[in-house]
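Labels A, B and C are assigned to the chains in the order they are written; within every chain, residues are numbered from 1.
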Amino acid sequence: MSDTNKMAVAESVSDRRFGEPIMEMKNITMRFGGVIAIQDISFDILQGEIRAIIGPNGAGKSSMLNVINGFYHPQEGEIWFGGEKRSPMKPYQIAYQGIARTFQNIALFKGMSTLDNIMTGRFTHMKTNIFSQVLWRGAAEKEEHENREIVEKVIDFLEIQSIRKTEVGKLPYGLQKRVELGRALAAEPKLLLLDEPMAGMNVEEKEDMSRFILDVNDEFGTTVALIEHDMGVVMDIADRVVVMDYGKKIGDDTPENILKNQAVIDAYLGVAND
Amino acid sequence: MFYREAGDFKTSYKSDQQTFPLKLDKILFWLTMAIAAFVIPFFLNEYWEKAIFLPFFIYALAAIGLNILTGYCGQVSLGTGGFMAVGAYASFKLMTGFPAMDMFLVIMIAGLVTAGVGVLFGLPSLRIKGFYLAVATLASQFFLVWLFNKWEWTYNYSATGQINSPERDFLGIVVTGAYTKPWATYLFCLGFLFLFAWIARNLVRGRIGRSWMAIRDMDIAAEIIGVNPLVAKMSAFAISSFFVGVAGALYFSVWLGAAEPTEAFSIDQSFDVLFMIIIGGLGSILGSLIGAAFIVLLPVLFKNVFVGLLGIPTDIAEFSQIILVGALIVFFLIKEPHGIVAYWRTLKGKLRLWPFPY
Amino acid sequence: MFFLVDPFFYEIVISGLLAGVMYALVALGFVLIFKASGIFNFAQGVLALFAALTLVGFQTGQIPFAHLLSVFGLHATHWGAGFPTVIALLFSLLVMIGLAWLIVQIVLKPLVNQEGIILFMATIGLAYVLEGVGDLMWGANVKMLDVGLPEGPSEFILDTTDMFIDKLEISAAVVAIVLVTVLTLFSAYTKMGRALRAVADDHQAALSVGISLETIWWIVWSVSGIVALVAGVMWGAKSGVQFSLSLIALKALPVLMLGGFTSIPGAIVGGLMIGLGEKLFEFYVGPMIGGATENWFAYMLALLFLLFRPQGLFGEKIIERV
């Protein structure tokens, strides 16, 4: 990002006020057989903030997201969402709670179009029963159109109108990532989890993606937790950062302070060559 | 030039989501339906009824059913024959147990019974996937055929083990038994196909259809967006089996008139229907119809042209047929996994632009 | 506990185990192909049938496609008395190797990197083609197969233990054990075996280290074809060469589900369990529910197994990564 942009973002970041913690991870330990992927990690995510999770490969970041999502059930620890302790749930139930996610390796429905993929994001908001669906005209059609309107807004927001009807399997990587973001946004989530949303992108695409994430957070107040390797992006858009290394938490602070954290520098950042 | 869509803008979501977005498509469809419903019945003779139309309607129904399960929801099933048997035997018990019941009700209830059985045999899909599931469905195929051979109650303790369709009617018109009029059975089956194709269309374009396709494409991601895999898969099994059961009931009661499990509902049936949806197009209702037409008409073609016209011995014709179908399966899987329907869509795409090349 | 002293029980057990060995022979071919190409070859049974048909055809001096040629005026069915068994076996071997090459070129190469389910359906198509071609080439009537293996009940065993055990089945067991041993050693200890396992794991990775997929596939399908020939010979000697042979392939599927799709010893264990289970179930439970349970018992057993242990007894655990 250019210097003037950087300053504008920095100002808005320090101005922001955040609410109560929307999610609290308390003493989470996750083991796979003999391997300890996450060791006694606690951190929180405040309502309305953008929280980055960083760390070297294999640190357990994706596993952490999987725990938040409900794919993995930690052997120890508690997860609190919206002020309440969460009992062990299946991933699809967690979706109904208002958590949406993107994946490192793009988990789009390759056989469907962009529009249909993003429509699937509205799944938890659609309620017509099967008999109405069989008839189509009436309740089912109405609900479909209502949700279509919302999806179209997401499509406008992400500027992907031209690929609306294209089968996503045929889209280039960068656009697929955008569609996946669209699907997560369509769910109108309380918490948005992004697993390396900038992976494999060039500078322009990263700027676009950063802009979308900031806009989502700004306009809709969506809380965002993202795993990211690009420290420049993290500095620009994150409010607070959690640093993981070998399954342990080695840093939990604002981006500026994290840069000065010796443990983090040793494990991950290294020294800058200027 | 004719098949144009320039200037044909959709101004509402409703018009964007129509089944036939192009006006010409719509006109052609209703014209075909009009001919099918109002013209053909007058010229129908028994050969065309029994050898061409009835099998086409019935297999098209079964193909749509299997496509819902395999094409849309990605659960491969080799048990279609067995489920058709369930529909057939259910209709038999209903016809003999409740002689006054209207055939429409008989068929629908038979479908419902099959849906229940389908859910039962579909439960393994919650743990097993891919071709492991395909092999598991073989269990249902072989078990069901065995069941209808051994469990005497299902064939009313008849000495021959065969079930025969007694004469029953639909709104007063005889549609089963030996004394049916071709137009009656024709319209009865056509009606079912039209109704069920419409239902299928509505289901696949809405929420439940999307949940099926999500499971098919990536079931882990489907869970993330809130799809309960149990509900999605069981609904696919239930609805698919309903269709297949209805097809099986019509197959026995209206078309064949008599049936015996090992021959009429064998694993060859299961393969036939699977081939229909592979050749016609997975995940497409039109594809199911095309595939059914193909597999039903091929033997007729072979018989009339190869044997009748060219005098080739019947067994050679039969072997050649087997080779052709197998080769086509391999061909379509290699060249066009979306089946004939994909070629149709490409053709339409070219027609839209004609006479321009792109 | 009466049944434990009933000699008939042991006869059933042994008969079941021997039947299981026969299943295992067919399952072996499946495992090889699956290990090396990740393909579930539905056509394995038809390959066995085709191999057996070809062998008989060579042995009796049939002219291939005789029936078809008769349409065009050529009215001869045999060109002579046929080849001696050893020569006929050799020729059949060559045919299976040639067939493997054709299959690799026409079916496998174009479908490289497709999902397993697509490949599976392609092998269903292949099965149909081979069945039709086999019928067209050699005729669809039942044929007797005789390769000089000892037949009839073993007098030695009959005299000593009162049990009726067919010498043919014993030969089949011996052959199967030898085959399994050879294949297991081959897969684990030779360079070729390692290459096969690499290919099974990841096509693209194997390609990138210089392994020629085509050659590997050809070798695997040839070996599979030879195994199919052996299976076809054993089954054919037992019950004649006929279409139902290809249905045996369907039976091999439950064998694999029990033993695991990737394990050669698993094929044997799975085969034995299915063979034994079938016979015992039919003997003890069958009469209570009408008999003929062998049609479906294997599948039900496999289904139950799959629910609790989807990878089979010896197979590799399937891990899904997000």
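One rule holds in what follows: a contact is a pair of C-beta atoms (placed from the backbone, for glycine too) under 8 Å apart; a residue touches a chain by one contact, two chains touch by 3 or more.
Please read all numbers here as calculations on a predicted model, not as lab measurements.
Colleague: Quick check: which two chains are joined by the most contacting C-beta pairs?
Modeller: B-C
Colleague: Which chain has its C-alpha centre farthest away from the C-alpha centre of chain C?
Modeller: A
Colleague: With centres defined as the mean C-alpha position, give me the chain B-chain C separation in Å.
Modeller: So the centre of chain B lies 33 Å away from the centre of chain C.
Colleague: How many angstrom lie between the centres of chain A and chain C, each centre taken as the mean Cα position?
Modeller: Going by mean C-alpha positions, chain A sits 50 Å from chain C.
Colleague: Roughly how many whole angstrom separate the Cα centroids of chain A and chain B?
Modeller: 42
Colleague: Which chain B residues reach two or more other chains?
Modeller: 220
Colleague: Could you check chain A for residues that touch two or more other chains and list them?
Modeller: 71, 103, 107
Colleague: Could you tell me which residues belong to chain C and also touch two or more other chains?
Modeller: If we look for residues of chain C contacting two or more partner chains, we find 322.
Colleague: For a test of understanding, state which residues of chain B touch chain C in their complex under the given definition.
Modeller: It is residues 76, 124, 127-128, 130-132, 134-136, 138-139, 142-143, 145-146, 149-151, 220, 267, 271, 274, 278, 312-313, 315-316, 319-323, 325-330, 333-334, 337 of chain B that touch chain C.
Colleague: Help me check something: in the complex, which residues belonging to chain A touch chain B?
Modeller: 69, 71, 90-92, 95-96, 100-101, 103, 107-112, 116, 119-121, 123-124, 126, 128, 130, 133-136, 140-141, 143-145, 148-149, 183, 187
Colleague: For a test of understanding, state which residues of chain C touch chain B in their complex under the given definition.
Modeller: 40, 67-68, 71, 106-107, 110-111, 114, 116-118, 120-122, 124-133, 135-136, 140, 250, 253-254, 257, 289-293, 295-296, 299-300, 302-303, 306-307, 310, 320, 322
Colleague: Using the touch definition up top, name the residues of chain B that touch chain A in the complex.
Modeller: Going through chain B, the ones touching chain A are 13-14, 17, 199, 202-203, 205-208, 210-211, 213-214, 216-218, 220-229, 235, 283.
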